[in-house]
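Next up: some structures, all given as structure tokens.
Two complexes come next, and they have one chain in common, chain A, joined by chain B in the first and chain C in the second.
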Partner chain A sequence: MATTEEIRADLADIVNEVAGVDADDVQLDKSFVDDLDVDSLSMVEVVVAAEEKFGVTIPDDEVKNLKTVGDAVAYIERAQG
Partner chain B sequence: MPSTRVVVTGLGTTSPVGGDVASTWQAMLAGTSGIRHLTDEWVDQLPVRIGGRVAVEPSEVLERVKARRLDRSSQFAMVAAAQAWADAGLEGSGLEPERLAVAVASGIGGVTTLLQNYDTLLEKGARRVSPLAVPMLMPNAPAANVSLTYGARAAVHAPTSACASGNEAIAMAIDMIRLGRADVVLAGGTEAAIHPLPMAAFANMMALSKTGSEEGGDPTRVSRPWDTARDGFVLGEGGAVLVLESEEHARARGATVYAEVRGAGISNDAHDIAQPDPEGRGGTRAIQMALREGDVDPATVVHVNAHATSTPKGDIAEGLMLHAVLGEHADRCVVTSTKSMTGHLLGGAGALEAVATVMALHDRVSPPTINLDEKDPEVDLDIPTSRRDLPEGDIVALNNSFGFGGANVAVAFGSV
Partner chain C sequence: MTTITTTTGAPHAAILGIGAYRPVRVVPNADVVEAIDSSDEWIQQRSGIKTRRWAGPEESVQMMSVEASRIALERAGIDAGQIDCVVVATVSHLLQTPAVATAIAHELGTNQAAAFDISAACSGFCHGISLASDFVRAGSARHVLVIGVERLTDILDLTDRGTAFIFADGAGAAVVGPSDTPGIGPVVWGSDGEQFDLIRQREDWRDVVGSPEVPGSGVMPHLVMQGNPVFRWASFAMAKIGQQALDSAGIGLDELDVFVPHQANMRIIDAMARSMKLPDTVKIARDVADQGNTSAASVPLALDRMIAEGEARSGDTALLIAFGAGLSYAAQVVTVP
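The block that comes next holds the complex of A and B.
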């Protein structure tokens, strides 16, 4: 089972690849929109890449609840449960 | 003569022979081929395994995150537009966004993005298709991305007429300036179609040359316009953008002027979806229109950057057009095909060749046509096999482009 930090680090790599954000800036308390400038289309790309990476499904309705990196990491952890 | 004079104040390109205008132009004058064996993993299944990849990958120039949101055709347009914008000195010039237009064309559009996403759909399912696929693959994506970057808020066009698209974009830019719809237009074309599907399709319609693809074959010798051994074109990729500007606007801001755009002509053969009219009547009319619009004396037309793609029929038809329009003056006209070096950039061709035509006028020298070992006896043109000086005085050069669907576009540029 991946640790919270492992998931955060992998997610940070995805956000870096998609949106060019420095992976070190992708910390649990950061907001995708307000802090990291990840726009809505990039967020869809991040979500799809995360689904593939972590073997989970993140429904479109759920994506709007993933405001921070921590929200996304927590969702992935639960989904992998 | 139309009242508003239009001039060229900036040039940009990324081509199979160079990553910018200076390197591309020097390579052309030196007769350097940009055609190579392709190294893509998909190439073994194809009957044609050569092409003209860009000399400098756009990933070396563009920011990674921006580049991944752009189809390769848009990447080329962005690279070329950035050069042209800087060359024209437009940064910080105070140009009103509402007076800046764009006409950047592509013949096929974002075909690589379309087909890669279709592969993803089949292999991984609908969920994996990129949410950016449509804005990346749409034919107006290169023009729209250029407009976004430079804040162009006048018209943003993406005229499409297959292999005449780039030249049609330039013709459209002239109209926009003369009709008062814009003061400055970023005009050009781009194409990124070195993908197995378009290559297989062009090969199957016998348009691409199948020569030189074998191991040990020489790809640099295959594109040979007007030569008796020509047997089809070689696919190239890349883009080019020119800054066209009203002379008044250019003068007011003290811009450097490369050449004047005298006039353009557009016609259609209405003959066949792919084959040119064997007598070149539509092309003849397009050239006549361009000269008439620019009030050009045929005696001053000393250079032509021909469409000549290295196909058996098209190359002959273009010679007939030039004789029909220029008459006795055709004998004093230096005609070349830079496709002998770059391959055929489809929707990018007219724009890259416009850059070459403008540079030829500016430097008063014609690039050679390479691989012309034995000229087809049906072609009666003066084609230099090494660089050839052009005369002093007021001179005019033509850039011709013809495309599937019967499109013919000719643009006449004049020295300044």
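The block that comes next holds the complex of A and C.
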């Protein structure tokens, strides 16, 4: 079972690859839109890459609830069950 | 027992010539931002679109189609009289019947060519190329004119933030005919009607007109689109379809010269290219930046531009893929004429 920090680090790599954000900036308290400048289309790309990486499903309806990196990490942890 | 005689066609089909018509009026983002409370920067960041072409009153679906077709015929070295089938892909010819293809066939001077329209939205041109290839190989027609044409501004809601800055007008045409070598690969196509509502005409015409009991809206039906789900489907599911079209044609990524995806949005084009892991050697069509999204016309317009600018050369191997309302999609590998 991956730790919260491992999921955050993998997610940070994805955000870096999709949106060019420095992976070190992708911390749990950061907002995708306001802090990291990840817009809704980039967010879709992040979500699809995260689904593949973590073996989870993140429906479109759920994406809008993932405001911060912490929200996304928590969702992935729950989904991995 | 009687026997029905059947025809046999050419061993192979190919695109013999491409033509395009772009409306004269160039509309910069500055001209559309006010009605949608947006900015040039937002539109460019969101879509890569800087300008689009919008048709004037004289630039009808028929007029744009005929202009594009004449160029395609000339480049193919084919007289209009040799065309025996005209297939027009469009969703914005607002006279429901007859098919605009018949008027185009007549104006071009074909010899009473078979002529009909197909409704497959943004994927219509690639559907048409597949039909044309099969007609030529089966002997149903020897030379087929395939046209993708739209006047989407007629059904555009200029106050809709999701569509007003995206859609545009134009026409592209291709002459498909017999060839000694395979010039059009197998089509990979399909639909997903579960997602019928993602991109659609908002209102049924009957709701516009209404009835004596229930008055209609009286407002022209408009295109509406749910951007994020469409982005997800187009960027990832369609990348897989593109790969399938390459596999079906037996073409490796290292053998591909040109990628001509439907010019929906630069972000989708970039995401598809990443998702397909296209090598840097593959030239990618990016006509959407200047032309906007012209639905059925976008693939031939983009390919025509790449040929004109020397990015695509005669004999190059190109992957065409188009996708849109339905959802519907079609992809094939072709040889650049």
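Note that the second predicted complex is superposed on the first by the 81 of 81 C-alpha atoms of A that agree within 3 Å, B and C clash if a C-alpha of one lies under 4 Å from a C-alpha of the other, contacts with A are read in each partner's own complex, and residues count from 1 in each chain.
One rule holds in what follows: a contact is a pair of C-beta atoms (placed from the backbone, for glycine too) under 8 Å apart; a residue touches a chain by one contact, two chains touch by 3 or more.
Predicted model only: the values in this text are computed from it and were never measured.
Asker: Looking at the overlay on chain A, is there a clash between chain B and chain C, or do the two fit?
Answerer: clash
Asker: Once chain A of both complexes is superposed, is A:Asp22 in touch with chain B (first), chain C (second), both, or neither?
Answerer: Once the two structures are laid over each other on A, A:Asp22 reaches no partner at all.
Asker: In the superposed arrangement, which partner chain does A:Glu5 touch: chain B (first), chain C (second), both, or neither?
Answerer: Neither partner.
Asker: State whether A:Leu41 touches chain B only (first), chain C only (second), both chains, or neither.
Answerer: The answer is both, since A:Leu41 touches chain B and chain C.
Asker: Counting contacts the way the document defines them, which residues of chain A are shared by the two interfaces, the one with chain B and the one with chain C?
Answerer: Residues common to the chain A contacts of chain C and of chain B are 41, 44-45, 48, listed in rising order.
Asker: Spell out the part of chain A that touches chain C in their complex, as residue ranges.
Answerer: 39-41, 44-45, 47-48, 60, 63
Asker: Name, in rising order, each residue of chain A that touches chain B in their complex.
Answerer: 18-20, 41, 44-45, 48, 51-52
Asker: Using the touch rule from the top, collect the residues of chain B that touch chain A in their complex.
Answerer: Touch residues, chain B against chain A: 63-65, 68, 124, 127-128, 130-132.
Asker: Touching chain A in the complex: which residues of chain C?
Answerer: Chain C reaches chain A through residues 45-46, 227-229, 231-232, 235-236, 267, 271.
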